[in-house]
Each structure stands twice: as structure tokens, then as C-alpha cells.
């Protein structure tokens, strides 16, 4: 188990997330894909700090960083869902293709 | 926001829920179709008739004495009150004089029956609210009352005891003692019931300000009995249009002021206490003597029609009898209090939650046998 | 040692799954089976089930769920804090930091409270 | 013979990747949410293997709750007939292309910059806490503000909705 | 402070349930003969025909009054000439030949008892008659008489109108007990039948 | 990590499951008996001696009952849901000690672990509700999600207060810190909050809103039969036991308080007995409450949680930390905590009375009415 | 299920003629006209007397009501066209205020006089009075204005009467079957509807 | 009718299981186990299972009319069906026994059939009261089903109107006996 493994996993997960963001139509699904991408980042990060041979200091810092990422992810989830809800109430749809604000 | 409004009020977003005919809290076979948005009730539609047995029609082919058995089974919780109502109607047709002793025994038993009925309400209402124990306590008291009924009338539920002209047979000699003991027990248990449920904070927040119905609405909807009194209308047929010997007793009439579920509940609890008072007075006065005015042959009232109103545990129980002079009535029609009270459900359920529907329905205290007949 | 014995956790989880599966399997084998069409319809208090769609907006649950996520995150910070703020080698500032943190978040709840989202009317 | 660690890593990463694939392909939105949970639990496993027990629990705690929210939300907003039509859009080929391109680039970058790799020691929660609250005090407070903003945003948006009704 | 606590309803509820926890249970253990609730003397179980043990024949003459008055039409009866009347041993000119009650249908109203002029039918204390067949409860004359016999033994039954229904042939002067003024069986003292009442078990 | 060790864990895990399943089964009997006593009944009596085999009969019956896998439901989700409820219930037991040293993993993250795992239970209920594709089940599932998620916060916060007091997340350590004073004496408020939140997490009366029989006819479980249903109930009673054990460990001093003047084996035996006695008392309390109270409505439940319990639990955490930080005596903490508990009770009992300006039902005398008619 | 081998298993032996006549579903003979039977004497109490005389003197012309009495209750017979007016008058007149509708009954006199009689029993909660409105309908035209707008109580009573007797209440918001189900044929409340012979259902 | 002059009238003994005929009412269906394994084993296991089944009869909480009141009484403190291990569940999915307590009206026929079908096997039905047995006092009615056995198979008929709680308990004992006998008389 080396850093490469983590990096590969992270890359795969990230591109999966990217695919999801681009290909999915439901806003909720896109949100999930974004969560996947954030997770990919986390995996990369943890791989780095744990297997790069950094000292205790950097390792702790890396984990703190991950905590912050998770925090932000949670906040993002909350807010994004609120926005989707808003749009849904107006348009009765969560389909991003239909969420063209300019068209009204 | 205009756009969203029109879309939201689409029927599509409301979930239609069927409550009943088999649902633990519909008190029999009542079906309530509810449209909810989330937990909030948008619209309700009561469906009845799942117990429509055609009693009124059957009455036309039975002799007067047989009909009493059918009346027993209408409101199967307030049986004696039902029997009394029908007997009173026929007695009025025939202009019969009822012996005093029979009158008193009737009143005692009917009031006991009222307590039994309210005990059932208390128990079932507790169950609706989610508490299991009130149910068992209520039925424990009912069992005691039914035991007494059995020793007097020979049956626990379907007594066929009140006859046209009096009662079937005289009470046993230790009747007075038994009733005294019973009501002493009952007094204690009513207090216990109060402690268990009436004062419970959770029960209070569940029932206060829920299912409010104002006095005017109540009168317009024809509510009766405790449901009407809970709205603040002072109307008790035992006093305002007295029948039998109720005008001889002094008792209290609990009257609510708000018309919410709590009032309807507590009016009934208080009514139990008042019924005990009536029984106490009647026991003191209970005279000796005849128990039935004998009628020769079949009961054949003269031609005519009559409408009597009585106060059953559920409210204004009216009986309308048309006689054509034969031994079978030409038409019998019951004014079932539950049937009328149930109409108010739609109004009571405005602005409530799904969970409240159960409690509001429970607070009307319907008996399906009477609603559907 | 601030770690968890994950072997034990995984083994217990496996045993839990296996036990449940075992029960399902046993029941599958020894329970009588009499499939019928009506049996397969959803229970709806004795009335044939009517079709419905899922579109139910229960906005209330949603608000509470969001609140829950936020406070969950806070709990994540609180646990390490609870363990360290009394240690002699940390500065007193750590203690006040968390008080500020909690105050800020609690302001959010108060705000929601005042705006009435904790009420269901 | 692969080591136990590596085996566990592969199990965990198969959970992650499998969950991820399901999230982006599955038609049923609720299944996607469950798949997300699986991916998150897999990630927790990955954290474990990188000696971050506390983080693994954090992952379970937060995503275990958050996914429930997503599911609830998916339930609330989607009609059953929408499951068929709503999942993939017309950009699918483009998306495939883009993600494969990104994947290739990243792979190339990873392979070409071989990094030395050596294990380090686990971090205890106390160290983490000290570091977090002493060295990262300001970001920590900022995090609270971010959460507050999210909270207020959600409240405001939901409240408007209430008035709309 | 303590009085304040008393007003807290949820604590009061707990006290009530705690109190009842320590009361003894009120449950009757049904299948056990000694602990089950005994039915009241007036209890109306299923109707049963009575047996005139003086003359050794049923009281019922098959007059069909009860059949006509039964609200559920669950009875049927057929009379025949009483051979004993010809012998001069019985005062009943006619006697029941076939009698059937569908107890599954009977609603225990007691009307048949009220209308019977011959004291021939009585609501027995029998009420546990579950059967596996829908018509398993069609009781014929023998069953009804057996039920009646059981009931008679249990409550020391005597006819309500002993004069009229003694069943003695007219010419003979009756010496039997039944002609005395006997109390109403329903008002019998409990002690009279305390021993026999335990027979009504279901085990 | 050698093979033998894993095998050992398997044996332990199997043991945990068996014992817990047995306890859960007998908790159903205990519940029925306690309810029966409260209601002056007898409860199960004829199956085995005094009903001792009743749970066994119920269990076997459920397994040999047809296990419906309805075609209209979402089969996979429907099928897995009970497992998703059972597994977290079991997982909790990795970190819970029964007595000194008898625990699978005496982790220093123990409490945090329990917190994290307890969140997962919600999933199973939501899955069950959604998978059944039944209206009642969906409503129940949503209710479960809302309710369980809301009460998680006070649950965590009251745990945190104890963690702070003990300065440890290790359950054994926490117990050992209570040698002189059980934490319930220092933190009655945390106890009350923990207990209420625990009841809500379990979905027991007065918080059994998500499977309220008189409202949503069993909620998420309405479509389940046979073995699947049995697994749900197993998990539910396991959780009941877990909460009782946690209460004992965190607040009632586990197996150490009050200290016993014995030595050696006898001491060990008695401490286990003491522990069990406390646990059973807590369970009895849960069942007693179950037999007494009606249930709340979902919005009232949420409001109660968020407006009363959450602020109070936060306050509790803050007060605890302040007292600890400034090194005040623990008696101060007890005093404040008792005061706040009184406030909580007062608010609960006043909350309902606030509608009640005077009695709304008056009794009018009949003679008065008669007079007025004349 | 009923025993298929024994088709007679359902039949309850009932050889008597008297029993048969109960079971028979024939229309009831119009007994009223054939036999001389006593009628119930009218026996109004003081209050009802007052009400009766009050109505006799004060009842508006356009209602053209017939004031009478049955047993102990004042009755007022109106034509169906005047029903709404009569109801409004009784409800709104300050001296009467019959604000409470107790019962709506349909009595089937088809075999006797080719009419259906509707009875509305009203109560005045204020003055503690009772009154019955009677209204005759010819069997050929069974429609009558609905009074559910005046007293909401009437809503279900009218639906029920529609169900059982086929009376059509004009202006009623919803006359869907209440007690019976959609597929039920016939009007079971009427005298001409047969009683169920005890047979296999 | 033959009554011997000297015949002693022996009280009719109420032996449980009297009048039992195999194949009547509801019988559990075959399980995979039944189909595969030799007879002796399955018969034995069925008998064993029948003990569990009969001691844990959960009823569908379902009252139709007046009889339901007596049914509830039977569940209540004085009679306490819980002694036999009988509890009620609101959903048919968890129920073993349906006690049809009351008048079955034609409008209610379909719901009853549906509820019965929705109960998982093995299941039993008790017809309580004369209405559920054969229409009882409403036999003349145009809207009453003359006995619930026209709709669903019934195992035990409890006569009475309403049957006393004891009578219902006796019916339940009869049902338990039937379950035992069914397992014994099963032809695999």
C-alpha cells in the first residue's frame, strides 16, 4: 500500500464525480457527484500525509485540513439542497436542463 | 410566488391516505380518506356504511318486543339507553303509565351504562393518544359495571331488559348494596383516570386547541351530547326536555367553553361524576312496587306517530315511530347522535395534522353501529 | 491509543449480517408459502391501494435534517476540544475559542427559531 | 503474496469505486443515495488504512447523517415516474469524453511523478485537537461562520418557501 | 416545592401506574375451574329445554309460540301426541317430537323464554360452544334437554307456574314437591347451589 | 492481525449476538409482564412455566411465518433494511464494556464511536419505509428520519458533558471515575436529557411517533412479516438494552458505584450483579413510562427537542466546561444542574398549561338550568 | 365456506305459516284502511299549545302551511315548493328560532296513498320547542329542495334518504351513496323492496 | 328422540377438538422443507412448529361491530388474552388470526377478503358471534353477508351475541387444538 494507490483511487473517484456532474440531469444527483469529488480530494490528501513520510506535524495538519473539507462539504450540501428546494418549488422540477433562470 | 402557488395547490402534491375501514383508531369500520401535504391535512372525506345492517328496515317486520333486541345492537355501547329510547317512544304511543320502581331502575341502569360508555371512550381515547394503560383501566371499570348488569339483566351487553311498560324482571335484593359498592369504586377510579391521563402534559398539548368547533357551528351541524356541550351550548335533554324521571334529580351538566378535543374529553369525564350523583339520588329514592305495566297480548299501539328525544351517552338519540295499529311498526327511524356528530369531522379537521385526525375522530366518540344502523 | 479496533468492528458487522441472513434463509426454507395476487398488494387499511407519486414536500423534516448536519459537524469539533481544553499544555484561548464557536452557531438556531422554522404552522 | 493491508485497501477502494459508479449511473435516485453511503463508508475504510481513525468516525458520523438528508430530499422531490427520465442528460457522450480525458491526464501525472513513499505514525485525537484549536484557531472560527451562513441560508430559503404557501 | 411537584402531571401519572403495579391482578384465569369468573345466576346463556323429572318427559309441548316469536327464526319444532297422556301418566296432551335450535344463530335475547307458557324453555348458563363447523351448533332435542338438565341441576330449577305446568294428569291429586309454593329459581340463595356451580367448567 | 485472532473475534461476535438476541427476546417478555402489572393483568402465563417460553414461541413462530417479499416494493431495499438496522445495533457493542475488561475493544474513542454508529440506525428505518412502497411506511420512514436525527443532538451533547467530566472517551475509564460519585449526582440534567433523547432514539412511548400504531399502523414496519419483522424487533429491543446499559455506564456508575466492601471473586460477581440490577432498573423505567404516557405529535416532538432539549444540552456543556475550566467545586455543578433540571420539568409542565387559562369545563347545575327555563 | 356437499345446510327449517309471513317479501297490506284501529290522541303540553296558536296566527301567507299535531308535537304541513320558505321562516323568525334540526325522515306511504312523506323534526334550543315539518311527495316526482344549506345537519340525512328511498334532493352538494355502495340497485328503504330470504348470498 | 326413562343426563363434556375434521378451514401451505424432506421428519417438525404457532397467536386488531366490544373486553385486564400469548397488531402482515367480530356487511366484504389475503401464511379465522357465523339478527337484511364463511374460510365459529369473553377464549382454545390436530393429521 503506497501513495500511488491512494492517488489512483482518488483520480478514479474524481473522474467518476466529474462524469456525474456533467452527465446527470437531476440536481440532487449532481450534488452527490460533487460529494464524490470532494471525497476524492480527501483520499488524495490522506494518502499524501500518511505515506509521504512527513513528520507528525504535517500529518496532523493534513487531517485538520480534511476535517475542514468535510465541514465545508456539509455546509455546501445544506445550502445547495436549500437552493434546489427553492427552484423545485418554483419550477416543480429538479431537472437542471430546465433550470434556466433567464427563461423564467 | 404566484406561479408556485398554483402549482403547489395541485392535487398532485397531496398524498391521499386511506384511514380505515380497518385501522386501529377508526373505532370500528369507518373510512376516512385524507389528503395530506406532508403531515398537514388538506382535505378529508368520510366514508361510512361499512356497518350498514339495515336495522330500520328490519324493524318494520318485527314485533315491538323483538325490536328492542335490534335497538340493543344499534349503539352497542349505550345499549340500555337505546332500549329506553325505543320503549319511551312506544309507551308514548300507547300512553302507558310506567311503575315508579321500573322508572328508577331504568334510570340507575342507564346512568351506569352512560358511565360504562364514557369509560370506553376514555380508554379508547387514551389508546388513540398512544397510551395503552387508560384502555385497560377503562375496560376494567366497564367490566365491573357489566358484572352488575349481568346480575340484573342476565347479559353483559345485549340486555333486552327494558320492556315496553317497564322492565323485564325485578332486581335482586342486594342490588342497592352492589350499586353502592360499585359507585364507590367508580368514584375512585374516575379520579385515578384523571391523574393518569387528564393532567398529563403530553395529553394536554395533544388535545388542547385541536379540532375546535364553535357553538354556532356546532348547532348548525346538529351536534349533540358532550360534543355540543363542549362547545359551550348548555343543552342536555335530560333537563331541557326531560323524559322518564330525570326531572327529579339534581346533577351537574359539564359545559366546555372552547369546543376543542380536550373539552370534549373532559366533559365526558365530568359526566361520569355527575352520573354517579344521579345514581346516588336514585338509589335513595328507589321505591318498592310493581315493575311492569302488563300488556295483554301483543303490543299494538294505536295508529299515529311519535318522536322522542333522549340523551344517550353520545348525545341526542331520537326515535321516530310510525304505527299503523298493527303489532309491527310501520316505520322506525332513529336519530343517531354519532351519525350527526360525525358530520362535524370535516370542519373539525381544518388546519390539523394527520396525528390529530385520530384524536379529533376519537373525541367525537362515534359508534359505527349507530352511524350506519 | 486513540484508535478503534477495526477488526472487531468488521467481524461484528459480518456476524450481524450473517445472523440476519441466516434467519432469512431459515425462514425461507421452513416457512409455508402461498403466494397470491392480492397478497402482493400494499396494505391500505383494507382498501385496494391507489397509485400515488412520491412528490411530497415535507419541508419541515428537511429543516431539521439541515440543522442536524450542522450540529453534527459541530460535534466533530467538540469531541477533540472536550479532550484537550483542560490539558496544561494548551493555551486558555482554546477554551474561549469554542465558546465563541458555539455562540456563533447558536445564533443560527436562535435566528431560525425567531424566523419560526422550528414551528410547524 | 499481497499484504493484508493491501488486500484491505483493495476491498475498501472497491467499495468506494463501486459506490461511486453506482452513484453516477444508477437510474433510481434513492439507490444512488444508498450507493453514496457505501462510497462514504469505503472512504472511511481508506482513512483507517491511513491511520486516521478519528477521521473515519467523522466520515461515518457526518455522511451517515448527510446521506439520510439527501435521501429524504430525493424522496421529497422526485416522483416515481421521474426515475426513468430524469437521470441522464444529453451531454452524456461529452461527459464520458471529459472524464476520461481528465482521468488520463491525472494518471499520467501520477505515474510520471513517482513519489517516494514511506509510512508515518498514527495521529492521536489529542494531537489533532491541539493542532486544530491552537494553530488553526482562525480557520476554525471561520468554519463556524461558514456553517452559520449555511444554516441561515437554509433557514431563509425554507422560510420564503413557507410564505409562498 | 413538594406541592408544586404534585401538579406536574407526568409525575402524577407515574405514581398512578406505580400504585396499580402493586395491586393484585384482577385477571380471571379462564380455563381453570376454580379461578374463572362464574356467571351470574340470571345469566342468559343459550336456551335449553327443561326436563320434567317427575313425569320423565320434557315440559315442552311443541306449541311453537317460541318459534314464531324468535327474532332470528333459529328454532323449529314439531309436536306429536303424547303417549303418556294416553297412559294417563301425564297431563300433557301433546309433546315435543323434534326440536332444533341453531345456537349459532341465536342472539340470546330470551324472548322464547318470555313467551313460553309451559315453562319449557329457559336460558341456561351454557355459553362456550365453539365449533369447527358452521352448523356445528344446531342443537337437537337431546342436546337441548341435556343442556337444560345441567342447568336444572345447577340452579335447582323449579317451574314458575307450578300449578299449571306440573304436568300431572288432571285426575290425580299432585303430591309432589313441585306443587308447593316454591321460590323463584332466579332468586335462589347462592348457598343452595354453590357446590353444583363448579360443574360449569369448560376443561 | 493473524488468523487466530480473527477467529477469536468471530467467536466473541457470535457470543455477543446470541446473548443480545436472548436478552432482546426476554425484554419483550419483560415488557409484556411489566405492562401487565401496571394494568393489573397477568401477562404471558401459559407458555412454559409462567410464560417463560413465550419469547421462544414468538421467535419460532415468526421464523416459520411466511416472509413476504412483496412484488410492488423495492425488493433490494426492502430486503436489506432489517440488516441495516440490526448491524449498527450490534456494532455499538464493540465498545461497550460489561465490566472491567470484558469488552471487545476498550478504545479511547469509545464514546465517539458510539455516537458515530448510532447515526446509522436512521438509514435502516428510512430504507424500510421507502422500500415498502406503502403510504404508511413512507410517512413512518420520514417521521423516523426527522425524529431520530433531531434527538441525536441532545444525545451527543449529554454524552459530551460526561466525556468532559471524565476527561476521557473511554467507557471503562468513565466508569472508573465514578467510584465516589456517580455522574448522575454531578449531572442530573445530562442524565435527564440523555434519557429523554435515548427514549426518542429508541422510538419508545412517548416518542414512538414513527411506528405509532394508532396513526401510521406500524410505520416503516407495516409491510414486514415473519423473519424480516423479527429482525427489526430484535434490533429495537437490542437498542433498548444498549441505551439502558449506556445510561448505567455513563450516569449510574456502572459496576463501581456504590463501592462494595468485598474482595476478589465475590466482588467481581457482585459488581456484575450490581451492573445488571441498574440496567434492569433503567429498562423498567423505560417500560413503566411506556405504560403510562400518551405520545406526542411529530411537530411537538421536534419543537420539544429543538427548543428545549438542544438549548439546555448546550447550556449544560458550556456550564460543565466553565466549571471545569475555572476549577470550581463539583458541587456547584450539581447545584446548577439540579436547578436546570427543575427548570426543565417546570417548563414541560407549564408548556401545556399555557393554553389553560382557568378550567375550560364548568359544571352547571341542572336545577339552575331548570330555573332559567321557567 | 358453506358445505358444498350439503346444499341444505343453510336452510333453517321453518314450517310455520307465521314465520313464513315474516320472511315473505310481499308488500305490506295497507292495514290502515282495512281495520278500524284507534289513533294516538293528541296531547299537547302548554308550550306546544302556545306554539300551535302562535303559528296559526302568525304564519306567513305564502307558506300556506297546515298546522296540526301528532301525539305531543306540533306539525306543520307544507307543500314542497314552500319548503324552503317555511324552513327559513321557522329558523329565522325571532319568536321561533328553530335553529337545530334533529331528524329528517322519509316514510313510505306508496301502497296507501301513493306518496312519500318527509318529516323534518326541528328543535329550538332557545325556546325549548319542538316542531315537525311534514311534506308529501308524490311517488311519481320524488324531488324536493334540499335544506342542507339551511341546516348543515341535513346533509347526510338527505344523502341517506337518497340512498335508501331514492328521494332526490335538489341543490344538495353531493348525493353520492353514503350507506350503500355504488353498485347497489334499488332503494332498500322502501316498502316494496323485499326482505332478504335466507338463502345463499 | 329416544330418552330412556332412567337415563342419567351426563353433562355434555366440552372436550377440545370435538368435531374436528382434517382439511377444514385454513391449513398452512407447504414449505420448501416440506416438499424436499422425507415425511417422518417434516411431520415431526410440523408438530413441533404447531406448538410455537399455537402459543403465539397474534390477532389482527379489527373490530366490526358490537362483538368487537366483547373482543376488546377479552383483551382487557379481567380476561387478558395476553396470558395465552395473544396480542394484537394493527397490520395484517404481522397477524396470524383474524377474529371477525361483528356483522359483515356487503360493503365490507371486499376489504375483509383483501385483509385476509394480505395476512401471511399460516393464518386462521375465528368467526365471532352469530352475525359472523350466519347473519344472526340481521338475516333478513338486504346488506348483510350471511356469515363470513361466504368470503373466507373459517376455522372456529363462536356462537353468541355477543359471546362472553369466556366463550371467545374457549374458541381460541379450540383453535389452538385445531392447530395441533392439523399438524398431526397433515398428509405430506
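The chains carry the letters A, B, C, D, E, F, G and H, assigned in the order they are written, with residues numbered from 1 in each.
The rule is short, and it goes like this: a contact is a pair of C-beta atoms (placed from the backbone, for glycine too) under 8 Å apart; a residue touches a chain by one contact, two chains touch by 3 or more.
This one's a predicted model, so the numbers in the text were calculated from it and none came from an experiment.
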Contact-richer chain pair (by C-beta pairs counted) among B-E and A-C: B-E
Label of the chain whose CA centroid is most distant from the centroid of chain F: G
Chain F-chain H separation of Cα centroids, rounded to whole Å: 37
Computed distance of Cα centres, chain G from chain B, in Å: 23
Centre-of-Cα separation between chain H and chain C, whole angstrom: 43
Chain F residues counted as touching two or more neighbouring chains: 1, 36, 38-42, 45, 62, 64-68, 108-109, 112-113, 115, 119, 135-136, 138, 142, 145, 149, 152, 213-214, 217, 222-223, 226, 291-293, 299, 348-349, 352, 373
Junction residues of chain E, two or more chains touched: 8-10, 13, 16-17, 20, 25-27, 29, 37, 39, 71, 73, 102, 105, 107-109, 133-134
Junction residues of chain D, two or more chains touched: 51, 53-54, 57-58, 61-62, 65-66, 68-69, 72-73, 75, 77-78, 125, 128, 132, 143, 147, 150-151, 154, 158, 161, 164
Contact set on chain B toward chain H in their complex: 21-24, 28-29, 49-55, 57-58, 61, 69-70, 73, 76-77, 120, 135-136, 139-140, 142-143, 146, 156-158, 368-369, 372
Contacting residues of chain C [partner chain F, same complex]: 1-5, 7-9, 11-17, 19-21, 23-24, 26-28, 30-34, 39-45, 49, 52, 54, 56, 58, 60-61, 64-65, 67-68, 71-72, 75, 78-79, 82-83, 85-86, 95, 98-99, 102, 106, 109, 113, 118-120
Chain C partner contacts - residues on chain A that touch it in the complex: 67, 70-71, 74-75, 77-78, 81-82, 85, 88-89
Chain G - residues contacting chain H, complex: 1-2, 10, 22-23, 180-181, 184, 188, 193-196, 198, 200-201
Touching residues (chain side chain F, partner chain D) in the complex: 1, 74, 76-77, 108-109, 112-113, 115-117, 119-120, 122-123, 126-127, 130, 138, 142, 145, 149, 152
